[in-house]
Amino acid sequence: MDISQILFYALSALALGSAIMVVISRNPVHSVLWLIITFFAISGHYILMNAQFLGIVNLIVYAGAIMVLFLFVIMLMNLNAETEPQKNKWLKLAGVVAGGCLLLVMVAALKQAEVKGQVAMLGTGDIGLIKNLGQALFTDYVVPFEISSVLFLSAMVGAVVIGKK
Amino acid sequence: MLIERYIYLAIALFCIGIVGVLARRNAIIIFMCIELMLNAVNLLLVAFSKMHYAVGVAKNATAGIDGQLFVFFIMVVAAAEVSVGLAIIVMMYRNTHSVDVNFLNRLKH
Amino acid sequence: MVPVLLIVIPLVSGLLGFLIKQEKNAKVWSLLTSIITMVVSILGIAVLHKPEYLQADVAWLPDLGSRFSLTMDGMSKMLCLLTGLAYPGIFIATWNSTYKNGYQFYALMLLMQTGLMGVFVASDALLFYFFWELALIPAYFLCSIWGGERRVAVTFKFFIYTFVGSLLMLVAIIWVYFHTPDHSFAMSSFYKVNLPGSTQGWLFWLFFLAFAIKIPLFPFHTWQPDTYEQSPTAVTMVLSGIMVKMGVFGILRWLAPVVPVGLWGYGDPAASMCVIGMIYGSIVAMQQDDLKRFVAYSSIAHMGLMGLAIFVTSSIGIQGVMIQMFAHGINIIGLWIVVELIERQFHTRKMSELGGLAQKAPSLAIMLVVVSLANVALPLTNAFIGEFMMFNGVFGSKASNYHYIFMVVGGLSIILSAVYTLNMLQKVLFGNTSPLTANALDLKINEKFVLAVLLIGIVVMGVYPKPMIEATRHAVDAIYSKMFVKLP
Amino acid sequence: MNAIVISAVLGVVMMFCGVFTNSKPAVRTVAIIGLLALVIVNVLDMGGYHFFNVNVKGMLSFDIFGLLFNTIAFGSTWIYFLLSGRDMERVGVNLAEYFALIFFVLCGIAIVSSFTSLLMLFLGIEIISIPLYILTGSDKRNLKSNEAALKYFLMGSFSTGIMLMGITLLYGVKGSFNIDVIRMGTTNLTPMLAAGLLLLLFSMSFKVSAAPFHFWTPDAYDGSPTVFTSFMATIVKVAGFIAFIRLFEGCFGDVQKQWQLLVAIIAAATLFIGNITAVFQQSVKRMLSYSSIAQAGFMLFALVAMNDMAKDGMIFYAAAYSLATIGIFAILLKMKDYTFEGFNGLAKRQPVLAATNTIFLLSLAGIPATAGFWAKFYMLSAAINNGNVMWLVIIGVLCAAISAYYYFRVIQAMYFKEGEAEPQEVETTSGFKGLLIAIAAVVVILGIFPHWLLDQLHNLFYL
Amino acid sequence: MNNVLHLVWLVPFFPLVGFLITGLLRKQLSKPLTTIIGSGMVLASFIVSVLLFTEVKNGNTYVANLFDFISYGTLSIPFAFQIDQLSSLFLLIITGIGFLIHLYSSSYMHEENNEHFGRFFSYLNLFVFSMLLLVLGANYVIMFIGWEGVGLCSYLLIGYWFKNIEYGNAAKKAFIMNRIGDLGFLIAIFWLIAKLGTVTYTTHDGGGVFDLYQKLTRTDVIGITMLLFVGATGKSAQIPLYTWLPDAMAGPTPVSALIHAATMVTAGIYMIARSNILYTMAPETQSVVAAIGLATALFAATIAIKQNDIKKVLAYSTVSQLGYMFLGLGVGAYTGAVFHVMTHAFFKALLFLGAGSVIHAMHHEQDIRKMGGLAKKLPITHITFLIGCIAIAGIPPFSGFFSKDEILAFAYAKDPLYYYLGVAGAAMTAFYMFRLYATTFRGTFRGTEEQKHHLHESPAAMTIPLIVLAILAAVGGLIGIPESLVPDAHKLEHFLEPIFAKSNEIKMAALPEHHTEINLMVISVALALAMIIFAWVRYSKKPELNEPAGFGKVLADKWYIDELYNYAVVKPLQWLARFMNSFFEKKVVDGIVNGVGRMVTYTSRQVRLLQSGLVGNYVLLMVLSMLALFVVKFFIKK
């Protein structure tokens, strides 16, 4: 077992563990923090796969910007206390069971996945580098890139509509 | 690293996200769990990207790159969604002083 | 040309009718229209014999293989004639009725005529379906706006019920369409379809349901008494006199020739339903106190016989059905006219509240007696011819294994019909007058006129049915041969 | 490409309109004229006049099917602007922004009707969805509107997650997001493909509000300002269908037999739930939400059958359904009371409204001589032609009968019930009435000559 | 071929015209005018009938095809009249007696106002028309038309006084009972069509029923004859369908005389006589006919013994006499049966008209217990009535003797038991007729003073028919003097021979030896005389005024047959109808339809609860559905 494999398992464990903590934390602020840890773990995976650009972007955009926004909203609403009333226990249980079953079913379904046995190369290749990604983004992917500006425009207008008193 | 491990990992994260959506009542946390789901997808996409790279690199030096680009777009969209989503949640909070989705039951049947 | 006129005249006139806001004018307008339509239909059956006059064919939906094609064969001619004759009669007989926003009433009546005529002349399955539904919509509005107290719910049931049936028929039509050799909705293509027996079996039931609900056959009849009871009488006349014939017509035109094997396979169960319906309708009619419900149940019994005659597959029986469609139309409209006159005068339809009318209104009594007797198929009235031929067909059927049983059990309805009809006559006409009928008035001149014409028609047809038989013979032969030719 | 660019530009224009003028009629006029221009450029696109020769790098493909659909969607929106544009003013102050958002949605629609890459599908759907979240919540002080927006948003994002997982699994197998690549060599649904297909099926079902993924629909439609419900329930919904069909035909057209049953189950469930639940509604608006679910069930027939007839029928269904529903919503917007009782006696007070409304309702119920009949006819024909799903056909017709039940309740209220003496509805202009009559006439003309509209377009460009 | 026979259509045409005129102009025409038209038309018919008869007597017969009635495929049913020996004889009876009764009615119904008087005459004319159709028809369908037509007229005339619900019920009962029979007749017609493809009696080219009868199998011929007989039992009031006839006495008395004694009720005999060849082919049916006839004869006679209503006695007597005719038909004595039809028409019409005269005099009192001693006050009525009674009792040389004893003689030849029972019936006949006679005309008057004051003989319009009929009843039998008494004197038999020729070829009904026959006559006459004397003596002095008790009550209450029918058929049918209407129709048939509707709304109410408004639930349901679909796709093997 080489170092990258050890890293893989460690990061995976971290991601899963902190993801579970996101769900089970009573305090929203704790959830946010656990989620940030999950994002770090995922960024770690990206870097492990030599997708440095995505790893960094993930940290900046998700862990940095988005989660801060979340935190900000939670603070704004003064929700940092464990205010959430107990949801119906049965419903909660049903949720967990349903999610668990879905996991089982999907895993079972994908056990015979046609890509089984193929390898996702770790630590090699340069497609994850910003140069290559940038080139592709502004040549082959220029249309979606431009289109996403429309998306942002609409989000902007939306924020205006919603936010304006 | 064998691809199925990434598949299982991603699905597990994905399902944890789903369980979070199912089990929590706080709109913000539900939203966070959805973000978790998206991240699971991102992770899997990158893994597939690397897998296809391994297969196709001989013919094409940038094989598998579209997977990573897709991740980029997902992040873009997620950012936009978050801005709108949080705006809605805040608006809701302003009116009801709660982010508990179970209070959202004026519309039913 | 004739079929086009039969559709277009009432359609255009009906649409224009919405613009005539004055009831009196609307009445005159629609009467005139209906008379013109009548004249055209008479021309169609009696004068214009060249095929080009009796057909029309215009491209409609080329991509789907559906054409706006109309044909008048003997059966169509007769039913068009019935429709053409009935409308002026109805308008004259109900001349004294007034309706709120009457102009709409008359306009819708004319639109309904369009649908009815269309059903009878369409020789394209899709077009047929089109008109089939179109006839229903005005009926729905007519009953729901101008009907009795429970009109909305009752008409709604009627509408939904028949709608279900028609949709099932639509499924069957589309299915057959995809199996026509040339992917066409044309009647001729439908007749060429050769489907395996099992397919024909379930197609039979799909068609059958639509028609059985419309006719209506037991046990799909429960919309009918309520609807007849609640509708304004003019509408009831159209419904019972003409619209229910659509079902019989549909069986003869579309069911029997298209899925003959299905009809053989399931003719006996279907015929059994008809027979049960005959007896059942008669028995229930015996218990009715409301005149409209009474007529409704008796109509169920009579329509059952028509169904029976068709489903046992015999040529003379089908000929009888042809005659009877016309005869029953005339008779039942006559009955409704009398009922309407009674209701308008006494504001009740309850037999128990009437009585003694024979003393006070002898003309009315005579009319009612004659029409009722025609309804129970007394010889020398029109219905006798039809019933005789139908029962003859049932008895002599070679297709059914149970035709003797059908004959005997169905024959009981002859007796039962006498029972309920005479009961009704006695309660309404005989005995002493009730407080309501003490000052009864006899018929007015327009009512007398319509009824006299009806009676003459009843007797003339009953004594000399030959022209009717001749007019429809070819159509019957055509249908009958199709029922036997298409062995898979 | 014309449509995508112009609609995006128009969105921006509307944004600036809001900055530069406060005159609502002016804003509306600009929007209406702009939309007309959009329709025209799209039609020109069909005729071969491409204004923007962008190299789309295999991301989009503008086939006649998509363009035709765009025309219908834009045309319907234009009618919608004409009919209900005035009513947007009553929602809030940001009239120009509403128009801008609608233009962005149209941009998204133009994308999903012509995507060839799953990435574009994703972006398109998001471009449609995000403005809709906003529009749903645009009545800011109305709790119902808030609630609807939040529900719609949460569930919409959830389904986006599902869709992305589906796309990812497909990518994992095929290594590409291009639908042609994905289709290539797909002769058998291997597990991961199947899982991807299922996830895409779920999320697309969600977008078109097919049961059991329809739960957001009644609440979102009911809660959002009625004027936007009209838009969402019609144009946006059928756009979802176009995307759905494009996706499934493009990616999995060759293995249709293997997923037909699943779609059939979903269609049956949608028909059942939509129709059954609509029966018991008290509010016409909510009834229409369920009816839109029910209609989605019929549109799913196109997917179940997946033949030429189905695609033709889909276009026709889109037009017929949109026209009728927009009309009904336009009338509903004039009512003060959205319950069935609110319609009592409308025929006496507003005969034109009642008559046109009746025609629209008949069309929705699928009565012959209205466009809706042909819509249903095509769908039933497609499914019958397919032959494997007769059970679904029978369920379909029975449900159609049930649908008559609730549509006719409105007719009953308008015509057969006595209403209040004083008017229960907002004043209407004669222009509005004239427009309604024109739409009703189109519905009837389409009901008698279903190919009339297409033939006209055809004559315009190809002769 | 003589041209006179072409006029056959005139025979029914006159009454039809009479019906239309008197019916349509009933308000305008005065009573004398109505009488003239109504009776005149029948008289005209009678005259034509006589002309036809003389022609037929010369051996000419004729079938007049008027027009195609129902013609389809190979089946052709023309509207055709056949004039031959049998029909011409019936024509005479119908128009002759019909005319007399019209004449009688003009006086009897004088109290009615113009309108109803006209109505009465129009009904009578319509009846004559229908009856003529019945006998003239050249095929079974035309016969059936007349058959139902006379039923209708019977209905109209029984219910002539329509204010009285009881009368209405009687009319209804008559019509319905007749319809039961008609159904049998109708099925027989269909059977014939199915097997032979024709209903015409006979044609030139041998294509009629009576030409092709050999093509019928044994089953066919038994079935057809049995069904025809069912028709006959309805119309001719035989067991089990006889109960309507006594009730039919609710109609005006001339109606009872014409329809329910002289003509319509004999239609069944006519029909079987017409179809004699078929019956000869079916001895089994013949036995049934004989048995039913005999049973009816005896059964009705027992009831008649205890009746106190003058018309009821005559009605049961009619039923009984009709039974004799069927006995005759059943033993193959077709001529005898027709003969009895004729003589019975004379004396029974006479008796009814006499009874009418009595009732007229008694101001509509019909109970013989309240009469008595009328002989002096009503001399003509008395004498004619007495003649009628003697005739029916079978005392030579009055008409009834010859016809009845011919039947009994043939019955003896067939089976002596038939004879003995028949004679017993004849004895009872003599007894109850003279019980009636004695109670009514002998003894002392038991009515009210006022009735006594007003007692007077009827006017000439009523007595003339009585006298004419009395003469006929007295001497009418002479055309059928049996061979055993005077050789070659049976004119009727020779006259009718062509009609029964085919039957006779197959199986000539045998007569006993001449001396045996004479012995039989002596026995029956002796018995009848004894009964006459016994009844005369007993009831002249001490009429039976008390309510009968014991077995007498059973007889007086008609063996409770009406009650039996009421409980066995009418009540269950009504119950069934009520059940069907109030339960089955509303709860089951409609209940299912409405139930579907309710189920939809109920489901709707339940399903919409899914829409709980809670996002958590929505997502949960979505996830569960996803799970389910995953399972369907992956784990359910097809």
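Per-chain residue numbering starts at 1, and chain names A, B, C, D and E are given in the order in which the chains are listed.
The rule we apply is simple: contacts are C-beta pairs under 8 Å (C-beta built on N, C-alpha and C of every residue); 3 or more make two chains touch, one makes a residue touch a chain.
These are the chains along with the protein names UniProt gives them: A = NADH-quinone oxidoreductase subunit J; B = NADH-quinone oxidoreductase subunit K; C = NADH dehydrogenase; D = NADH-quinone oxidoreductase subunit N.
Note that the structure is predicted; figures quoted are calculated from it, not measured.
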| item | value |
| --- | --- |
| Any chain that touches subunit D and subunit C (NADH dehydrogenase) | E |
| Highest-count interface - the chain pair sharing the most C-beta contacts | A-B |
| Chain whose Cα centroid lies nearest the overall Cα centroid | C |
| Remotest chain, subunit D as reference, centres from CA atoms | E |
| Chain at maximum distance from subunit A, centres defined as averaged CA atoms | E |
| Subunit A and subunit B: spacing of chain centres that average the CA atoms, whole Å | 6 |
| Mean-CA-position distance for subunit D and subunit A (Å) | 32 |
| Distance between the centres, which are taken as Cα means, of subunit E and subunit B, whole angstrom | 96 |
| Inter-chain centre distance, subunit A versus subunit C (NADH dehydrogenase) - centres from mean C-alpha coordinates, in Å | 71 |
| Sequence positions of subunit D contacting 2 or more other chains | 119, 123, 126, 130, 133-134, 137, 140, 151, 154, 158, 169, 172, 191, 194-195, 218-219, 405 |
| Residues within subunit C (NADH dehydrogenase) bordering two or more other chains | 160 |
| Touching two or more other chains - residue numbers and ranges from subunit A | 87, 94-95, 98-99, 102, 106, 109-111, 113, 115, 140-141, 144, 148, 151, 154-155, 158, 162 |
| Interchain pairs in contact, sorted by label | A-B, A-D, A-E, B-D, B-E, C-D, C-E, D-E |
| Sites on subunit E touched by subunit A in the complex | 616-617, 620, 623-624, 626-627, 630-631, 634-635 |
| Partner subunit D, residues of subunit E touching it in the complex | 600-601, 603-605, 607-608, 610-611, 613, 615, 617-619, 621-622, 625-626, 629-630, 632-634 |
| Complex contacts: residues of subunit A adjacent to subunit B | 4-5, 8, 12, 15-16, 19-20, 22-23, 28, 31-32, 35, 38-39, 42, 45-46, 49-51, 53-54, 57-58, 61-62, 65-66, 69-70, 73-74, 76-77, 79, 84-85, 87, 92, 94-96, 98-100, 102-103, 106-107, 110-111, 113, 115-122, 125, 127-128, 132-133, 136-137, 140-141, 144, 148, 151-152, 154-155, 158-159, 162-163 |
| In the complex with subunit B, residue positions of subunit E that touch it | 608-609, 611-616, 619-620, 623 |
| Touching residues (chain side subunit D, partner subunit C (NADH dehydrogenase)) in the complex | 362, 367-369, 373, 377, 380-381, 384-385, 393-394, 397-398, 400-401, 404-405, 408, 412, 415-417, 449-451 |
